[in-house]
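Notes to accompany the following structure.
Think of it as A, B, C and D in the order they're written, each chain with its own count starting at 1.
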Amino acid sequence: MSFNTFGKIFTFTTFGESHGPAIGVVVDGCPAGLAISESDIQKELDRRRPGQSEVTSPRGEADKVQILSGIFEGKTTGSPVAMLIFNEDVRSKDYSKIKDLFRPGHADYTYSEKFGHRDYRGGGRSSARETAMRVAAGAIAKKYLAQKGISINGFTREIAGIRAEKTDLSVVEKNSVRAPDLAAAKKMEAAVLKAKEEGDSVGGIVEVIAKGAPAGLGEPVYYKLDSKLAEGLMGINAVKGVEIGSGFAATHMKGSEHNDEMFTSKGKVKFRTNNAGGMTGGISNGDDIVARIAVKPASSILKQQNTVNKALKQTKISVEGRHDPCLCPRAVPVAEAMVALVLMDLYLIAKARKG
Amino acid sequence: MSFNTFGKIFTFTTFGESHGPAIGVVVDGCPAGLAISESDIQKELDRRRPGQSEVTSPRGEADKVQILSGIFEGKTTGSPVAMLIFNEDVRSKDYSKIKDLFRPGHADYTYSEKFGHRDYRGGGRSSARETAMRVAAGAIAKKYLAQKGISINGFTREIAGIRAEKTDLSVVEKNSVRAPDLAAAKKMEAAVLKAKEEGDSVGGIVEVIAKGAPAGLGEPVYYKLDSKLAEGLMGINAVKGVEIGSGFAATHMKGSEHNDEMFTSKGKVKFRTNNAGGMTGGISNGDDIVARIAVKPASSILKQQNTVNKALKQTKISVEGRHDPCLCPRAVPVAEAMVALVLMDLYLIAKARKG
Amino acid sequence: MSFNTFGKIFTFTTFGESHGPAIGVVVDGCPAGLAISESDIQKELDRRRPGQSEVTSPRGEADKVQILSGIFEGKTTGSPVAMLIFNEDVRSKDYSKIKDLFRPGHADYTYSEKFGHRDYRGGGRSSARETAMRVAAGAIAKKYLAQKGISINGFTREIAGIRAEKTDLSVVEKNSVRAPDLAAAKKMEAAVLKAKEEGDSVGGIVEVIAKGAPAGLGEPVYYKLDSKLAEGLMGINAVKGVEIGSGFAATHMKGSEHNDEMFTSKGKVKFRTNNAGGMTGGISNGDDIVARIAVKPASSILKQQNTVNKALKQTKISVEGRHDPCLCPRAVPVAEAMVALVLMDLYLIAKARKG
Amino acid sequence: MSFNTFGKIFTFTTFGESHGPAIGVVVDGCPAGLAISESDIQKELDRRRPGQSEVTSPRGEADKVQILSGIFEGKTTGSPVAMLIFNEDVRSKDYSKIKDLFRPGHADYTYSEKFGHRDYRGGGRSSARETAMRVAAGAIAKKYLAQKGISINGFTREIAGIRAEKTDLSVVEKNSVRAPDLAAAKKMEAAVLKAKEEGDSVGGIVEVIAKGAPAGLGEPVYYKLDSKLAEGLMGINAVKGVEIGSGFAATHMKGSEHNDEMFTSKGKVKFRTNNAGGMTGGISNGDDIVARIAVKPASSILKQQNTVNKALKQTKISVEGRHDPCLCPRAVPVAEAMVALVLMDLYLIAKARKG
């Protein structure tokens, strides 16, 4: 298994640096016969690309995807699907100033310690630009799962402590912060713009809900649905926490409150509550799958900070360039993609395990 | 990769059911020449076994471990180390009553849906009894890492909303709830006993700190230190959330507060704060590695609950037997083990990657 | 993936040394609901155990298997099936003489170089005793595959240049060398006994035929049926070559002779010849799957040989003890097991890939 | 692990079809700091590309490689190295005739049975064109290994029964069939051209020798050097057999002849013979590593053959187009690449295992 591969049966492998020639992904294990076009992929990428609104980075990338393999006459053939985005707006000069500096909160220092030789341009491989390829891979998973009746929707639950109290999925794509509550969205947007003005950034919480997944997805005991979601979501840039269902709130509850009582309706098992977030024992139970991630405030800020340089001298830094004052809106499609990619893998595995 | 295996170079594979003949583990990839005895393993198992105090289940298991392979003349040979615990206190009759019932909060229903044929005795494979073998495997990792100057300590940070404000590792093994703060420990213990009396249970937060890990552990981008910790920790029974460093608290901070400023001390890079929890870009930075898990209140409670049975009829259930009113104290050695197992794997991988 | 694990969806992990307390295997990924008993396993083990006839080692092992997990009420539950054989006849003294010697043809020297600390008793982990656990795992695969109409039969095609010209499967278990041709078997047996008398050993060829496998098993391009068979079969102790279908004989043929012409019979595609050995492009074609292995003459011989010892001094060695003068007869069930294990894994994967 | 990935620590993942837009590879796990240029890669690709001589296919592909990632300022960064070749000479019309036919010896039928929807252009994914990317990946492995003193050389040992009796590596690149014996080369070339004239093809044997590998490469018992070589080599298109060292010839030898006697020379262990092919117990012993593959006669021949079409009607076929009458010369760099890729992976793993 490559270090840049995720999954077991349905897998994807990404490559590419922020300011190199291109970024790409190889998606493997997709069943043959799925209709996939570049526009299916592009639609999702457009939700992640920079420059969508005032609250996102103005880096001018069209992020135009090309499919290089695995599709014939519009349908998957069972062979790996490779997709590529050539980097366009790679103003390398922007970064020359910080070539020998370690930006606080970034991976500059750890990559330097680990690898010695480092591509410092825009964070190189550690840049969140890599997540575009997860979105591309996720678009295939989403399309497959949709045909099985499974939908995956993400949104911003909270920014800077401002919480979306409603969960109205229909408004998510209609506000710049991707909140499911228009009133909260306004306040969130104001908080983001204020931070931006101050040369600072804010954090928040992104939530993903998958509806329609059958019971039985997830493999005990080291390929569980919850552990795979945790792995996939924690690996997204800037994520510092992952919770499933009740999450950390569970720690304040009694067992009698937390246990989801079961009943039957039309011959099917149902749950009164969904503290489990759609799974017990690491296996889906047929209820909505609910996951949440803690997104830290973006590390790239204009405010001056203390740091050290490659020569281990103390110095000051102010991260110029085109950055996101809040990462949540663009993290939404990435989190959706990771949930889709985990579910797709587990869906195919569950078929193999059926006997 | 087996569904019951964790890791890439240093791996472990567990087997066994709560009330079957035995549980066991095969630990593979340990370098040759490490001195390991059964007492090294037993010492850690004794911290996890039931019956340690009033706040844990009274199931009378000695959990005596046997090493079956991979050790010769007291040292590892580089071959797989298999360890076995024969189950002793398997009062299967305790469980016959609930053979056809799905216990709320447990995996009875999901295993039944997934596998059809289910070992209902004590939860079978879904029982937390399996975690004993992670502790056994973790004991080997801990011993190896200790020789490299890496220590791993866990404790209960919070129970039922009562928080340990101090972090005094020296008192952790001196109180029944394994809190690093004796004053808080007393209150936590009282809360647990009260819940037990009510036939109910409480949740809490367990924290693990690894000290002494070098910078450079973790592989971008899908074998990151944080994503592997998240995978390993979320997979522990009853865990609903994982955070690294600042975790969910990060979502309320500004970038200028959250970024850990760097400075140098005696020619080494240091950080003013540790919101990163010891890693950026998924690679360790040399600071303490800090992870926390949300442990839900135990699902097995005496209080009567509504549920359904195998025939999909609604019914009531009261889970009798010997259960833990709070899972945190016994989760501490399990969480430590998982952190040790992740670090050991990444430590060996980092060596391979050095060139 | 553990270094001691084979397979992707249906996997097995072995452990144990020749003269340690026990050898064992953890079989994972078997679908739930398969009826398996210890006698299903024992039946196959009895074909591999020593002491079956004059042509095999007289080591007195009953090789009695115990199932420790994964079976409930006689059927698999989908959880890992662990099996154990306690070593009985471990006359460690037999081996003390060669503790510091490197036996020619054996892995003593390479284990010593690689691991430093070495279990020298009977070859430790490098002993062919480990293959008993492949046979145990293979027994489960065979039973599952039989229910899908797939049978797997091995036999000795050649010993010491004496070739079985007939392929009469009904006589294989009726002669000590497991040849499918009684006339040839007699000559082979004589050749083996002559070598034994001379304190020497002979080699041969084992063949396995799988009938009834559907078209479509094997995944392009790095999980092909032929490459997985090659991996599995080459890894058997003493194997120096693997061929599929025509094998090395293909190198003397013209394309027009070698290509298997296709025709249809009762609406199904058939092949005039089977030079392909049942697969093209690494995917099964519905015809018989045919694999052959070259088994070297056993390295443990009484005849004196030159070698070196741990102190790198030249010396002489004569390998006493109870050894097989020809490894083919006991390699037959091992080779069958490996073919079954590969096919089972690919069978389950093919289901996942169906979409 | 993707189905199109090979290796564990040093891995490569290929994608692309014969007549699609491009073929490519993602090489992961290469240590940082290795100097790699496109010309290092191109040099190896030029040995594999068509049109080198009269005995190879005249398909007019320059096979110009582009590096897309993982290299910065001329050196690897530890991030995945993606390489791409755009397909140029894709005369799709050549193949329209056989769109609905199954070519004997090819994977047309098995891909069709397995995947349903098939890219029939030039064999699509099953085309040996994919092996160009193994050569590209192998070029990186070769360069790394060369710096560790390990060289890898392949050549044609036999074509159509004509055997190279000498092993003069200096002449291999100086004759069209890549034989290490100029006298034999002439005869081989004549045999190939005769077959070509007849619209037929011939097979042969390719051998690879790796010199300078240290003892200790290979992991018992399911990641052995021999089993990984077998897996990697058997997976090359048209290969029907693999042998290590003495290979099938071992089956005619006595143990006393086959065992490689050991002696010491200048304080190092040496072997009188190398029947082991450089490994025992699946671990390298410091001697030359020797592997051989049986290459079947090419399946694409002008001679008319019987076959069936998609509608399962019997018909006749003559495979026009630009094909190789003997695959050996172009298989040489591919086999070298696979050996290099296996050794590189095991070399890095051995470092991790050192403790």
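The rule we apply is simple: contacts are C-beta pairs under 8 Å (C-beta built on N, C-alpha and C of every residue); 3 or more make two chains touch, one makes a residue touch a chain.
Predicted, not measured: the structure shown is a model, and the values here were computed from it.
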item: Most widely separated chain from chain C, with each centre as the mean of CA atoms; value: A
item: Pair sharing more residue contacts (C-beta pairs) when C-D is set against B-C; value: C-D
item: Chain centre separation in whole Å, for chain D relative to chain B (CA means); value: 45
item: Separation of chain C from chain D, taking each centre as the mean of its C-alpha atoms, in whole Å; value: 26
item: Averaged-CA centre spacing for the pair chain C and chain B, given as whole angstrom; value: 38
item: Chain D: positions in contact with at least two other chains; value: 1-5, 8, 14, 29, 32-33, 78-79, 114, 125, 220, 353
item: Arrangement of touching chains [line / ring / star / complete / other]; value: complete
item: Chain C to chain B touching residues, read off their complex; value: 1-5, 7-8, 11, 13-17, 20-24, 26, 28-29, 32-33, 66-70, 72-73, 75-82, 84, 111, 114-119, 121, 124-125
item: Chain A residues within the chain C interface of the complex; value: 1, 8-9, 29, 31-34, 78-79, 144, 220, 348-349, 351-355
item: Contact set on chain B toward chain A in their complex; value: 1-6, 8, 14, 102, 104-107, 109-111, 113-114, 125-126, 130, 158, 160-161, 195, 200-205, 215-216, 218-224, 226-235, 237, 239-248, 250-264, 267, 269, 272, 275-277, 279-286, 294-301, 303, 305-308, 312-314, 350, 353
